[in-house]
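The chains carry the letters A, B, C and D, assigned in the order they are written, with residues numbered from 1 in each.
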Amino acid sequence: MTDFLWLLVALPLAGAALNLILGKRIGEPRSGWFGFGLIAISFVIGFGASLGFFAGTSNPQTIYLFSWIPAVGADAAILWDPLSALLTMIVTGVGALIHLYSIGYMHGDDRYPRFFAFLNLFIASMMILVLASNFAVMFVGWELVGLSSYLLISFWFTKPEAAAAGKKAFVVNRIGDWGFLVALMLIFMTFGTFDFRTIFENAPAMFGVGAGTITAITLLLFVGAAGKSAQIPLYVWLPDAMEGPTPVSALIHAATMVTAGVFMMARSAVLFELAPVSAGVVAVVGTLTALLAAVIAVAQTDIKRVLAYSTISQLGYMVLGIGVGAYAAGVFHLTTHAMFKALLFLGAGSVIHALANQQDMRKMGALRKAMPITFITMAAAWLAISGMFPFSGFWSKDEVLAAAFARGGAWLILYVIGLGVALITAFYMTRLFAMTFLGSSRWDEGVTPHESPRTMTVPLVVLGLGTVFLGLFNTPARHAFEHFLEPAFSGVEQVEGLSIGLISTLAVVAVIVAIVGIIIGLRRYNTEVLPDETGAFWRRALAAFGVDDLYGRFLVAPGKAVADWWASVVDPKVVDGAVHGIAKGAIGGGERARAVQSGQVRWYAAVVAIGAVALVVFLLVLGGGF
Amino acid sequence: MELSDYLPIALMTLLGIGFAVASILVSKLLAPSNPTPEKLAPYECGIVPLQDPVERFPVKFYLVAMLFVIFDVEIIFLFVWAVSYKEFGWAGLGAVVVFMLMLIETLAYVWKRGALEWNVARRQRYRRIVAEGHLEEAA
Amino acid sequence: MQGGAWLPIAFEVVLLVGALAVLLVAVVAGRDRRFWGPAAGLAFAGAALAGVLQWREVSTSGAGLFFTAQGVSFAKSPMVVMDGLSAFGAIVLGLVGFVGFLAAWDLVAKVGRRGPELVSLLLLSLAGLHMMMATPNLVVIFLGLETASISFYVVAGFLRRQKGSAESSFKYFLLGSLASALFLYGVALTFAATGSLTLYGGNSIRDFFSSTIVTQPGILLAGMALMLVGIAFKVSAAPFHQWAPDVYQGAPTGAVGFMAATVKIAGFAALARIFGAGLVSQVDTWTPIVAVLAAVSMVVGTVLALVQSDVKRMLAYSGVAHAGYILTAMTAGVAGVPAMWFYVSTYAFMVVGGFAVLSTVSGSDSSKVPLDDLKGLVKRSPEMGWLMTFVVLGMSGMPFFAGFVAKVFSFVTATAVPAPWPANDHGYLWLVVLGVVMSVVGLAFYFRIIGTMFSTPDDQAELQEAGLPVRFAVIVSAVITVAFGIVPWPLIEAVRDAFPI
Amino acid sequence: MTVTVTWYLVLAAALFSMGAAGVLIRRNALIMFMSIELMLNSVNLTFVAVSKHLGLIEGQVAALFVMVIAAAEVTVGLAIIVAIFRFRSSANVDELSELRG
């Protein structure tokens, strides 16, 4: 089954190319269905190929396609192990649902085929990133993913904010990519190759725990991951990325792309094991990001920005999981988050669609009766993300917190902050849910919300089911998920050693925190009149504590100044100056030398004589005549 | 240092110099000379020349001089051949004949092109007069 | 002399007979050039044929030394040598001479009564030039050098009515004879130092070097230097190039192509013979000087060419620069001879072609060709315009043209042999780098010429229809420039064994 | 003290440099031309001296050839000089610089 895997990349790429080229002729709905079809087939292939892993029978293998740069050990080969299988299923699965959803959502857009071309391109690049068997190919995927996110964010490029947001996302990602690239160079310098297997096999042998180079490599890898997965300080682009169409936010900025950083760190778990210092940094940054994002999310009024900050916060959890060393828990949270965050975004999308593109929650309310399916599915996702007991969010978040608790010592502080974030998360999600579906209807006049068409509600329902039942896969008792991922993290020993009793108490604590959060939220927002949010804290939190304009003033402005100076001063004077200088010099030399050619025969004779004497003397000296 | 073999040359130079000096001396001693300004002035109506006249000599002289030089140099080679023509034998004779032929041929070309005519202008004038003369007589 | 023995000097004999025939026919049949023109053409073609025969003879039975004066106990030094160098030189000289003669045909017509003189001068000069490269005896080389130079002094001054032509011939004469005197003095000093005038054969200079260890080489080195001066002057290498621009500008355009091309061929061949083959053991002493000459020529030639307004002066300076590039090949000693031959033979045709076009553009008897004459040439006469573009591109060293292959060939040869003086093991790299830089700088003035040709012509005088021979000459040279650019291998193979003994 | 060949060579060298100096210093074309002839003759002297010293004949023959060449040069040179100065009266060479740059 695994020899069709190259189709996972080929099919989306083909879809992107065809949609781009023949898009106009294929026309609106058909190009959408065409895109969806290809991704669905890819999902089937991916799922089929990973059946072996479910049963635990097949073991990881590398399928060689062709050699790209043999000198560097970078050949185009697919590394098929449970981790990449899982990611494939998430990307293609959630991707397919979002394609289906976009058919309805993008209805009437005049660049319809182009949208699906870019979506396919994104899936293809994500596949390259996930299936890569070496860092070089992964980097290719990494860059392509950055590119397609830029294309999709600024899809409505006629809107200046969208274009600016696209540029911002791309630049901030580039900063992260810089870190990732330097890490690649370091890796190549130390290991002489990019191939995962050789690196991860002889890394432990070559370096003891805490070796300098490995720490440097892992820190730089984290910089790359921070750029892609929107951690402090490179998270500023994600909220602005909401300018893109909602399916884009769902797919890229919730489920897949942002998790690329987490996936990369999980993939190079062996390196992080050898560098406890950087693991600590990763965990701390993860937790702080989670805290900061959660606090900001509380005061946001735009529904999509709340979800964006919530994504950053949940990503913080995953990064905490990686930092703590519980890679399986981090990846599990990644999976569940992909499910319910995509659902939340799609739900928000259908709400916005219904209220004629109204994104401000203060203009929503009382949509329960008007949009029952969206209401029910969003409720499931809301409970999941808040960490309520039976839902998937609870299991994965609890896994991560348990792992943090298990490490003991200083990690306990992270556990406590984690719990606090869980509380805040429950609160702002309840705020969002209440302001949109409960309370009184604060719609604008002439807006009559109605349930979205079936192409949009079907994906919501599917995702809803996933959100509810996915958690059961990995209850502390069965740990099915960890066994599934076991072969991928064979080189790394998992954080264990928690008795069932301790885990269940931690679980109970987590549920209590969630319930408290929800109650506060409901009591405050499930009212006819919205509570006032004009306090100093609310205003500053709404403005994301001014971090953005801080960057603007200290980084962007000086950068632009240097660029302007360079363009106006250095370029014309130095570069052009040099070129014209050479030309003038040559001609100047010519003019002066021309005077020597005086036309006087006697002068020519003198030159011949002088030349002859000079030659004789030169030869005598050289030949040792004297 | 045997000077003897240079004796004849020394005698020759002495003789030459002596001849020239003697003739000047004799003319200076015997000839009467009472120079008067009029005598030294230019001939009757001539104007006092600013600087000695630039001898302008017609090109013809130059042409003849050139031809003389060329054929003079040709003779040098004939001397060489003449001295040992027996050893060169027929091959030598062949070479010299070819050499002579070339020069004679160029002489022919130059002659045909009229380099040797002396006072070309006067003869043409004469011929033209004669031609017109005939015309008058004929008319 | 037996029958077969005529071959070594067949080239000169044919030309001499041709020259005399032309004069005779002119004398007998009067002025009409229909009679003696074909005779001259035949002579040139015959000479080229003699070259081919020599080449075949050499490649079959190997090079040989010949004594002209048989049966005489005259000093046993050989006067004529027939080897790769002289045979290949004969072919190239013959062909270039023929094409140059065709290019000069308009001038011959214009000069009217003195036509036969001009043609016989060209024939005799070609004979002299070949004599320079086909003899091991230094004095005979001087003889050949002088025969050619004197005839070129006269050719340069052929347009009596034009002041420019007279001035250029005077300058050429005075400086030429000065340089010849220097060369001769060099020969004399070498004679004094080594006791012999011939490069090979009985008690030759080469034997001298192999037999005695030169203790006090002062005179010998001075002699070598002066000989180098003489040759450098002839091929217009800087700093002895100053005559070239004035003479090329003043001399009648029709004949300049012939003069420039043939002198360079013979000059470099003589350099190869004397220094490459004769003084091969002294190679470590004279190659640095050749390198210095090359460097100076390249810089002077290119930089001065940039600022010229007269096309003939531009081509003259480009000639100086090209002399520099060829000398770069010669820095590899005798190993540089093939590269030198490739460069010289292709460049010779370009020069003939270039000046032929100039003669059609501004009259073959014009002594000045300002750049504006070429303005919009492509529109005025597309054929001439495009052919000139090919030739100039060839000269500039554009890829797919002979100039490029020639430059690469010589630069590679220059770096192949380890250099003695600035002691580095991969040859005269600094010279090659300078060469590349200068060729790039040189592109400016080549493209200035092409630019003016492609610009819109304002009121240029209508181009009088060029004679068939001139057009044929231009076409041949353009074809050779392009052909050997795209398919250089046959010439490279042939050149490989154009070696002196 | 006997007259060795180096004396002759030194004399020839002196003559040669005098000739060269003549070409550079004098303005009149004819004088310049004469100094070149002087240079050629000094070379002749060298040839003959060395040939006599080494007892070879090449030097003599060479001298003969050089004389012929000098003669040819004379004829052509004077022709050119005459052609030049048909355009202007004086034989001054410095006026002759129309071709330059």
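A few remarks follow.
FYI, a contact is a pair of C-beta atoms (placed from the backbone, for glycine too) under 8 Å apart; a residue touches a chain by one contact, two chains touch by 3 or more.
The model shown is predicted, which means the values in this text are computed figures rather than measured ones.
Interface comparison, A-C against B-C: more C-beta pairs in contact at A-C.
The mean-CA centres of chain A and chain C are about 72 angstrom from one another, to the nearest whole unit.
As a whole-number value, the distance joining the C-alpha centres of chain B and chain C reads 40 Å.
The geometric centre of chain A is 109 Å away from that of chain B, both derived from CA atoms. Chain D has its Cα centroid 26 Å from the Cα centroid of chain C. Annotation for chain D: residues 20, 23, 32, 72, 79, 96, 98-101 touch two or more other chains.
Multi-chain contact residues of chain C (touching two or more other chains): 170-171, 174, 178, 245-246.
Those residues of chain B in touch with two or more other chains do not exist in this structure.
Chains touching one another form the pairs A-C, A-D, B-C, B-D, C-D. On chain B, the positions that touch chain D within their shared complex are 1, 54, 59, 62, 66, 69-70, 72-73, 76-77, 80. Residue ranges on chain C touching chain B, taken from their complex, read 1, 16, 20, 23-24, 26-27, 69-72, 116. By the touch criterion given at the top, residues 20, 23-24, 27, 32, 93-94, 96-101 of chain D touch chain A in their complex.
Residue ranges on chain D touching chain C, taken from their complex, read 9, 12, 16, 19-20, 23, 29, 32-33, 36, 39-40, 42-43, 46-47, 50-51, 54, 56-59, 61-62, 65-66, 69, 72-73, 76-77, 79-81, 83-84, 86-87, 96, 98-101. Contact residues of chain D toward chain B in the complex are 2, 64, 67-68, 71-72, 74-75, 78-79, 82, 89.
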